[in-house]
Structure formats: C-alpha cells, structure tokens
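Okay, got some structures for you below.
Next, two complexes with subunit A in common: one pairs it with subunit B, the other with subunit C.
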Partner chain A sequence: MNVTKFAIPEVIFGQDCLAYVGPCARRNGGKRILLVSDQGVEEAGWVEKVIDALDDEGLSWVYYNTVDSNPRDFQIRRGAKFYQLQRADVIVALGGGSPMDTAKGIALIASNGGEIRDYEGANRIQRPLPPMLCIPTTAGSGADISQFAIITDVERQVKMAIISRTLVPNITLIDPTFLQSKPEWLIIASAIDALSHAVEAYVSSISSPFTEMNSLKAIETIVTNLEAAVTTRSSRSLTQLSTASTVAGMAFSNAGLGVDHAIAHSLGGKHDVMHGLVHPTLLPAVMRFNLPACEQKMAVIGELITGQKGSDERETGLMGIAELENFFNLFAIPHRLRDLVPDAQGLPEVCKLAVQDACVLTNPRPVTWEDCLQICEEVW
Partner chain B sequence: MNVTKFAIPEVIFGQDCLAYVGPCARRNGGKRILLVSDQGVEEAGWVEKVIDALDDEGLSWVYYNTVDSNPRDFQIRRGAKFYQLQRADVIVALGGGSPMDTAKGIALIASNGGEIRDYEGANRIQRPLPPMLCIPTTAGSGADISQFAIITDVERQVKMAIISRTLVPNITLIDPTFLQSKPEWLIIASAIDALSHAVEAYVSSISSPFTEMNSLKAIETIVTNLEAAVTTRSSRSLTQLSTASTVAGMAFSNAGLGVDHAIAHSLGGKHDVMHGLVHPTLLPAVMRFNLPACEQKMAVIGELITGQKGSDERETGLMGIAELENFFNLFAIPHRLRDLVPDAQGLPEVCKLAVQDACVLTNPRPVTWEDCLQICEEVW
Partner chain C sequence: MNKPRTTLKDLIGIEDVKLGFFQEAQAKMEELKASNRKLEEKRQEVEAILDAIVDVLIVLSDDLRILSVNNVYHQLFADQAPEGKYCHQVFHRQDQPCSQCPVLSSLNKRTVCRGQGIKPARDMNRSFDLVASPMSQGVGEPNKVLLFMRDVTREKEYQLQFMQAEKMATVGVLAAGVAHEINNPLTSILGFSDGLKRRIPRLESCVEPGILEDMREYIQTIREEGQRCQEIVQNLLTFSRPQNSPFGQVDLRRLVTDCLKIIHYRLKKCPLVNVELNIHSAQPCVYGDEAQLKQVVLNLLTNALDALSGTGNLQITIDQEGEDIVSLEVEDSGPGIAPEYLEKVFDPFFTTKPVGDGTGIGLSTCYNIVHAHAGRIYVCSEPGKGSSFRILLPREAKRKQSAAISMLHGNERE
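What follows is the complex of A and B.
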C-alpha cells in the first residue's frame, strides 16, 4: 500500500458567504490585506463588496489588479514587491483562476523569494506562505481548493505548473450566486474545466478513495446540471455547478491530472488559448488514448454517464467517452482544435513542451510527445 | 440557501505513514512534543515506535498516559498542567478515541484556561489551540478528523460534547495495519460507531452535499467490508474500514450527529458503557423514530444497503433499517440495552440528560426526553 495524502482548505459555501471574509482574514492574523482581483470583477461590483466587508471588520487593505487571463511571471514579481512594500500580511484573491493563481504566485515569491520559474514542478517550496483566502467567482478552475498554481513564463512561452501542499489556500469562500451574471460561454468553459479535472483525477495513477469519491460526484453533477444551469440560471443548478467544481478541485489537487491538462497548459502558454475551451476538444481523445491503461475506471465513468453497461469494461468506457462527446456537442463552443489555434505548424513544439509538464507524471498511461501530437491531429 | 462549512485536517493515509510524524510535527513548529497515549497502546509497542520517529527527527518529547476509556475532566486538567510545566509546543495523540479526546482537551485547557466544562456545547472556544497531530489506532471514533471532543464531567456524571472548528487536528496519520492486532469486538464496535456517525450525519438537519457524499461512502463501505475485515483481517478490508471511518468523520464533524449519539453520550456518562457497543442497540430504533422527518434520505440509505426499492420512500427506509438490524445480528455483540446497562431505573435520568446534549440540535426530528425513554424502552 502506498501512502496517500489529502489536503483541502476550509470551505465556507453559500449565498452571501462573502460576509465571512473579514472575520476569516482576522482569525488568520490579518491586519493589512492584499486584495487581488481583475477588471472584470471590478466592473461586476464585487471588488467593492469585498472592500466593504474588510472595512466593516476594521481591516486595512491594498489592492492589486495587474492580472491577465493566463497570469504572467512579471505580474507575479510586481505583485510580490507590492505586497512587501505595503507590508501586507494576508492575501485575499477574488475572481476566476487567473486572480487566484496570481495571488498564489505573489504569496510564494513574497515569502520564498527568487523567481516563479524556480518553483516549477512538484514540491519545490521550502518556507511557509502568508495566509491566503480565496473567493472564486467562476465554478471551474479549482484554484481556490488546489495545491496548483499555473503561471506563464513569458520568455519561454510556457504555462508552468507549480504544485505544493503549501499552495492550498487557508479558506475558500464560495458563493454560487456569483455565477448568475456570468456569460454563457464562461459558465460552460468553467464547468467543462471542472469536469476534465474530475475525469483526469479519477484515472490518475495516484488517485485514492478520497479523491475518487469526489471525482465521481463532480462528473455526475456536471453532466446532470450544466444544461439547466446555462438555460435557467436557477439557484439550484448553479449551486450544483459550484459544488461540483469544489469537489473536482478536492480530487485533482490531491490526485493530480493528466495528458489533457499537460497539452492544455502547453497550448495556453504558446497561443494564450482560454483554458476551459480546450477540454471539450482534447478530453475525449485523451480518454481514448488512456483507455487501455485504465479500462476498469473508464467503465465506472461510462456507466455513471450513460446509466448502461457494455459487453465488457472497454466497451462501457467507450460508450461513456462517446456520450461525453454528445454532451459537449450540446453547447455552442469550439469542438475542433483548429477553431482554437491559428495553425497546426506549432503543434510539435506544443507537444514537446507538454510532455515536460508536471501533469503527465500522474497520467495513467506513459505518453511521448508523438502520442500527444497524434491526439492533437486526431482532433484538429 | 444557508451557508455551510466543511473543515477537515490534512490526511496522511497508508501503511507505515507513522514515519511522517516527525517531519509533520516539525513543520507545525514543534520542538518539544507532548505525546498522549494509553497503556494498551504502549503494550502493543506503538508508543515506542512514535517515540523512535520523534527521536529520528531530533525532536524532544514528554509522555502523558493518564487516559481512561471515557476520558475524565481531571485527567485533562492534569495533562494541561503537565503540558505547560514541560513547555511543550505540539501535541501528538496516539490511540483510539480516548487518547485523542484527552489530547484535544489538554490542547484546549492549556491554551484557553479555565475548566473543560466551561466549553461544553458548540463554538465556545475563543483562542487558537497548539498544533495537534493524531495517529488513530482504531477505525471508528473519528476524533482524528472531527471538531468534537467528548469528555466526562465526573461530578455531574455527564459526557460533555465540546464542538468547535479549532478542535480539528492539523494532521491525521492513519495506518490501517494497526487494526490487524485489535480484538474482534473492538474492530466491530469501532466500525459500528463509524457507521452510526455516517447515518446520523446523513440525516442531520445541517448536512450538505460535501458531508452527504462522505456519509454514503462510509455506510456502503462498512456494510460491505466489516464481516470480511473481522474474519480475514486482510489488508484490503482493514484499509476499507479505515477509509470508511475517516470519511464518516469528515461527515459528522461538519454535519453533526443526532439522538443516537445524544443517548449514547448520556449512557456513557452515567454507566461508563463502551461507546461503540451502544449503537447496534440504539441506532435502528432512533432511525425508526426519525423516519417521518427524513423519508427521502432514509430511502437513499435503504436502497444503498439493500440494493432494492420498496413501494414508497417510507417502505424503502424501513427495509434499510431492518437490513441494518440483520447486519448487526451477524456479530457476537450485545443487542439489547439490558445487556449493557445494569438496570432500567436510571433511564429517565439518562434521557433527561440526553436532550441537553449538543447532538440533539442537528437531529432531523425534534425530540423530548420522553421520546428518548420510549426509544430506550423499545430496545431494552
């Protein structure tokens, strides 16, 4: 038996749970808060709400919003300097995956020094980080739960995966009603990102009963609720998506991911592709590639999605993958790689970088860059 | 929508994970460790193993073993004084629920002062506790996961439930192979304790998707594996029991318990009954009492246990309860309350104390002491 580890932040979940941010920051020792967010979140009025909540608690704060989708190394460097100059002591991240990953990068560099690329890969952080609270406004990235931070190395055009238990935030405050005002494509892309987290974590070579349970819950919940969430925006269905994203985060943070995410990171670094839109294209092809290495698990997913069993595990697995493709086809999103990437010429380079991504380490089947290229060509 | 909270310790799970105790104590700031255990655990040789592991890490330590099954308030007082006199900084608990609850009580009094009875009930702890690591040697109490500590007030003959997020240990190190040398009755009693945690948390009035998932996983796993674990002691089945106990702990710690535990605590305070042996007697009767308030959830449990559906939810629920009784009857343990308690005369007093226990607050159906008495008489 191998030793398995399972670490998650404290979760506070529900409408208006934002109100807890002040007391939570205080009980983590906060006196001067660095709030990290971005322009989109400002425009929605949520930055102001968090600032009001910090004011209500009598906490002082400073604000950092130099955040891009796919956050860049120099934005981290600048944020860490700002944190230090301002003598902040607790970091609050508000937004989607990008502000949260930016906040993690800032926490890392402000406390451990050096450059973000020094920490690429697994378990390279030595010293403790300042306390971090996350308030996710999308339901997908899992950054508020996970020990991952994904930061782009601008010079190398690489999205680096930094993985360490110390990157797990202290507390995540999840209000599903944030989703009500989100555009349709963002809800879909985020939910499918969460779905891909759940699937890759489930078949991961280091999954455990703790992560597997969370994976299956997320897969079932997203497949059952995404369509209704997009069309009705009902409180019930949005709550389901937020729950699913949260438990998918618990799964992948502790079980790791696989080739789908390795290629997605590599594509994101090279072409600045919106991360969540890559999976509907890549995931089924990656699942077919992985099938021989994990037929039993793919059959569990297949039966969960289709409610049916094939003549053997392989067939049940294939039925599940086909049903997942049908599911993705319900939504008005890109379905071929050529809709996302300008040309196919860069694909070999993308694939050579992908196999260096930390996510391939937990893929159930060994993978070469040529395998990755074949996957990309299959879905081109 | 209500705000729900979910907090668990970092989990390290697997054979020989004891080896992590030194580094874990150190990264929580430990230099001088208070190790809390009991004589049974000493005799099994495990105290020595933990001491060796602390020595290997170069940590100094002191040892406290004034621990009874059903730990007493004066043992806590004495332990807290010992902690302070010895200038310890991290507490490591090794054993079943009793050493772990003792360690929690010591951590509480050493840091917050006063008497343990000052903290009876929910959310009465103001100041942070010293870091706590738990190494459970049974699979049932969930004390290594939970925000509960159960301590007996000797003067009042009451088992007090103290409930606070700050009682969640920092890390739990779970090695399922500890179970291999346990007597049969202890494995059974512990597993049925975990099963009752899972059932009561599932129907609790403050359950959430996060706790419900963990409850169902625990119920299914214990019902499927307990017989094999007792007869074969196979590594696989013992691992299943440890997993089930852990996820049941995640459920009840965050969802609370109910009338079964309220009566069990009250019986334990009055008659020093072994906690795990009370549930096979009480749980089915409590489930029947609660059924009208949670038919839908009882039907989910019923279908999970029997694999069948009745003509309506109520019937499916009743089928599950009957099947649970059959399951308990497989084991050579007491099945009537009269086998556990010397006489029925004290029952009214037991029941009047039970309705003051914090666990009744989350019971799905309101309960009077007369209801409790009827439940006790039904199973006498």
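What follows is the complex of A and C.
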C-alpha cells in the first residue's frame, strides 16, 4: 500500500484531566449529556466524579448503565431509545472497552437508525453521529482511540466488528489516576490487551511508519512497566501504562489487527470470555504462526524485548516470543486456553467464525480456520 | 445475511472520513434560506396588496385599542402614532366607545358589521363607510377586528347636493306652476283695475268727491299690490330657471333686492331685525349664474337671520374692489362663531345647528358655487360681536381676475 492513513481523536492526557469533561462537552454543543458507564465504575465512585464535573459546567445529564463486559445489540437498542427519549446530545463514555463500545453503538443507532447488524463491516455508516467523548478507565481497550466498535449479536452469537472513521470519538480524556483503584487482574488484562494490539498492528500488512513507531513504543513501555505498575502502583508507572495503551490504540486503529484478535473476538462471542485474558494464551502462538511471513519485524520486536540479537532474524524473533511467554508467566493469570473455555468441542466452530472476522484481513500470513484450530489446540 | 466482504481497502478507508454535520447543516441552511426567501416574497406581496388598498385599514384589539394601521390612515389622519390608543380617543376624543360601534357589535355577533361615521381627517370632516370583520389568529374566539373605513365624503357631498338641487328643482317647478297660475288672474286683476282707473274720471260728476277719492286710493293700492305680486312671481320664475344656465351679467343690486323680497315674509316675522343695504358701487355687475348666486345670497341671509334669532342688525354691503372685482358682504350682529369652528364652517357636514335643523351642506355649497365663479368667500367673526361673510366675484370671466383676488387677499379662511 503506497497511500496510508492515520486518524485519531483529540487526545487530552494527564492526571485529573477528567475535570475538562464539562467544557469539552459544552464546546461540542452539549446541553444534555448522555453518560454511559457500568456498575463497576459506579462502585469505584468515578461516575459521581464525572457527574459533578458536568454539574459544575451547568450541563444537564442522563445516565445509562445497562452495559455488559461484552456489549449486546439489545443493550445498544435500549440505549439509543433512551438517548432519543431523553433528547440528549453529546455522549460521554466512562469505563473500559464495554461502555465505550456501547456508547459508540448508541451514537450510531440514535443517529442512523436500524439495527447494529446493519452496520457490520467497514464503512457502512451514512450519517454523522452525535459528538462522543471517551474517558477510558482501563489502559488497554483502545476503544477511546479506534474506529472500531465490537458488539455482540445475541441471536447469531457472534461479535460484530463495526469499522468506520465516524466511530472515532471526538475527544478522549485519558486520566491515569483511574488505574489506581483497578484490581490487579484488570490492570494486567488491559495492559496485555494493549500489548497484543501493538504487536498485531506492528506486523499488520497495512502498517505504516506512523503506526509502527506507536506499536514499538507501546510494546517497550508495557514490557518495562507492567510488573512495577502492578506491584508498586506508582503513578509514574501507571501513567506509562496509560500512554502505552493510548499509542497502541493509535497503532491498531489505523493498521488493523490479526488472527489473535480474530480468535479472541470469536471466543468472546461464543463463550463470553473476558477479552483481555485471551491474549496471554493466544498471542505467543499466533506470533509463532506469523513468524515466517514477517521475520524481520518479529526480529525487531524480539530485540526490543530481550535486548539481544540471535544468529538471524528468525531466531531473534523466536527469542522475543519466548521472552514474552516468560513475561506473561510473571502474572497470576490463566495461561492455557482450557482455563478460559469450558470444553474444546466448540473450538472448530469458533475458528470458522474467526476467519470471517475483519481482523484476519491484516494478518501478515494468510490463515485458514484449520490454522486457527491448530493454534488453539497448541495453547489448550 | 449477504454482505460484501470487508477488504483491506475498506480498512484503510482513505476516502471514508469521520462524518460531520456540515453538509447536512449546509443543506438545511439552503432549505431555510429558500423558504425564508419565499416567505419574504409572500410578505412583500401581502404588504403590497395591503398598501394598494385605497381604504383606511385598522386592526383593533377587543378593547378597541388600535394595533396597526395602513398607509392610507397616515395620509388621511393627523395622529401619526395611533398604535396603542383607543379608537374612540383617536377619532372622537371621547373616553367611551361610540354608540352603535360596528367594531363592538362585530365582536359580539362574531360576524361582519357595517356602519357609517364622520371622522375629523387632516383637512376636513370626512364621511366614512365602516366595515368591521372579526379576526381570530389560529383557532379560538376572535380577539381582533379588522376595520375598513372607506372615504365616501365626495359621494355623500354629491348626494346631498343632488338632493338639494332636486329639492330646489321641485320647488322651482312648483313655483313656476304657481306663478303661471297666479299670473293669469293677476293679469285680469291688473287689467280690470286699469280699466277701473280709466273709468274714474267719468264717475266724477255722479259720485261724492270723498267716495271718489277713496276709490282712487283703493284702485291705486290694488294696482300696486298686484304689481308687487307680479314682481314676486317674476322672481320665482327666474329662481326656478333650470340649473347650469349659461353665465351672464348679473346685477348684484337687483339680485340682493330680489332675495330680500323672497325672504320678505321671514323679515316681517322679525320686526326687531334691522336690515340695511348699502351699495357703494354704481354698477355692481358680475359675471355668473344668477340662480346659483341667488342661492348663495339666500343662504347667507338665512344664516344671518338664524344667528340673530329675532333681534339685531343685518347689514348687506356691495362694494367695489379695484376695477374688476365686486364684493358682497353679509354681516350680522349675532353671537358670532367660536374660533375653533371658524376654519370648519365651509366643511361639508359641519353644522352647529341641532339635528334636523341643518344638514351642514349650506355653506359648503356656497363655497363650491363661489369657486365655480372664480370667486372667493371669506368668513370673519368675533364671538359676542357677530359674523361677516364676504364674497369676492369677478366682473368678467377671466382667469386673471381670480388670480388678482388671490393676490389681493391671500388665502381664504385666514
């Protein structure tokens, strides 16, 4: 590809930048805000903080929290109805990937009508969306940056990817302070999700210098800081994680992903597996599968992680993958697929669905559902 | 579901941008502009229609306050900011609505109501036909009234003049009939009294001188009174001549004496009124229509007698104003005219007489007749001392004389 494209929202980053949500909403024409979040975020007290910030700005608001860890199409439908009924304007999403994807879905249906499945795939949105502000509370999903929204079609039991530049939020406010109160497993899962974004975007067939530099920056930062962030929770290391997640989002939103995410989406749709926990099991195996197609890039990653060069690019790449596995083993998270999925019988179906996922398109090596199954069995 | 598969090109999406509302807003703005233009055209059209209406148009609230008026109102009436004021205040300077107000009845009956009224316009009293139609904005009770006021002053004036002329013509025809009927017996009376007179000398020898003297005197009286009758009849005949008779030389001295003869009976009823006729012109002849001028003089004399109500001086003066103009002045020592009425006395329909006594058309007719003679009429009055009406008439039908009168006396009514 000779011509590339790089699109991201306005990024406001820094401690306590949450305070700017009021003015940002107002500047985007907000008078009555729809705030989308979930119970976990509520319990942490963040919802109240955002509401206070909106009140301070004199904006009225309505609150929607029917959000699951894998947002469902009917929740979107209900949210869009609520948005129209309440005559809301600007949408503010607060939380991890789920509230943000829900917010994107609501924005889409509220302005374009129809059902989410009508927009599955790339560039099917015809009309503009209401202004969207994202406030990610986890460092990983990248939904606050990306042009993707992943919504579950309950009937078909699939995660649909809706891809459109119009889904890129207007503003993302990234406040690392949020990570302070997150449980350890969530910080780890989010960071590894971000890491997998960075790796897959880096080797993507449509990566560009703009995405590659972001990918490498994210890989390096996560590998260097995650352990310290979990153990010390220092604001410096948490800020690093937030930065890494954000730049990884910039990378994958513009370069796309690969087989790892295709399978993860498929597993999420079928078995409601927590998305961030899939990657530690799958990613090394996927990297090994892709290695022949992108030895040079894998070598760059390997050298970045290990700080060493092997005898050739392939070896350097393999060293990096091994080191990555070691890195994952540092954390108390599931390391085999069997820990996440009840039984292996459903895997062929999962893999057949996975190869239809849009993420497969940018995978550096062509892949069949049998390939996918082999990967899954490898990490079972 | 059968959807085109997503491709790499789709993912990169070079041509797919974050959709904004700009195009939509722009299209909306174009739409609004177009509809605004249409509305503006419509508004201008409606305004043009309203402006083209030659009647006064007033929108009134249900408590008779003026909400808006059209151009014609501003042309006709002096109060240039009537909005917010009560209609009866603006037009009649009264605090209460007029009786039989068509606006009120249209509100009550919720239907179009008509009426008539005389309103003081800038220049004079004008007579209007009124049409009040109730208006309601959207649904609900009518709470406004659209009042049309059509200026019918001229029509009214013509109508009254026509009626007057009709009346005069009828009187004329009757008078002519009576005159002819009387003329024949009068001729006999005068003829036979002449015969009697001729035969008197033959009676000298057979009748007592005293009785003869009485007979001479009686016959003389019969002849004189008969001649007077003949003159009166003659007068009536000239008065009843058809209107628009050609202009000619009119002797004002004779005209005034004729008029005095016509109102002789009235003068006789007012023994305390002292009538004086002064003529300072050797040849007080003017160019005009004798019957019409007679109407003017009769009018002035009747008005003066009305003003005197039985006692006082009535002075008629005929004089020379330069070589070409003759003046005729009728002066009374009555109560005079209040200053605020002075400039209205020649307005049609203006009258101070009680309803039934006067139509208010008399002096305005005089004004029109004098003007038709290229003359001028002036009024001059001081309350308590009396009034004088002065007419200037040219001796000959030439424009320059009329101009000369203007030069000599400036504007009328001053």
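Miscellaneous remarks
What we mean here is this: the second predicted complex is superposed on the first by the 379 of 380 C-alpha atoms of A that agree within 3 Å, B and C clash if a C-alpha of one lies under 4 Å from a C-alpha of the other, contacts with A are read in each partner's own complex, and residues count from 1 in each chain.
Quick note on the criterion: a contact is a pair of C-beta atoms (placed from the backbone, for glycine too) under 8 Å apart; a residue touches a chain by one contact, two chains touch by 3 or more.
Small disclaimer: the values here were computed from a predicted structure and weren't measured.
With both structures placed on the common chain, the touch criterion links A:Y20 to subunit B but leaves subunit C unconnected. Of the two partner chains placed by superposition, subunit B and subunit C are both touched by A:K5.
Of the two partner chains, neither subunit B nor subunit C is touched by A:E48. Judged by the touch definition given at the top, the superposed model places A:D68 against neither subunit B nor subunit C. Legend: residue contacts after superposition of the two complexes on their common chain; A:V247 is shown touching subunit B, with no touch to subunit C. Residue contacts after overlaying the shared chain place A:N214 against subunit B, while subunit C stays out of touching range. By the touch criterion stated above, A:E370 is placed in contact with neither subunit B nor subunit C. In the overlay built on the shared chain, the residue A:E120 is in contact with subunit C alone; subunit B does not reach it.
Judged by the document's definition of touching, subunit A residues 1, 3-5, 7, 165 lie at the interface with subunit B and also at the interface with subunit C. The touching residues of subunit B, counted against subunit A in their complex, run 1-8, 10-17, 20, 165, 176, 208-210, 213-214, 217, 235, 239, 243, 246-247.
If you check the complex, the residues on subunit C that touch subunit A are 1, 3-8, 10-14, 16-21, 24.
Residue ranges of subunit A in contact with subunit C, taken from their complex: 1, 3-5, 7, 117, 120-123, 125-129, 147, 163-166, 168, 205-206, 256, 358, 361-362.
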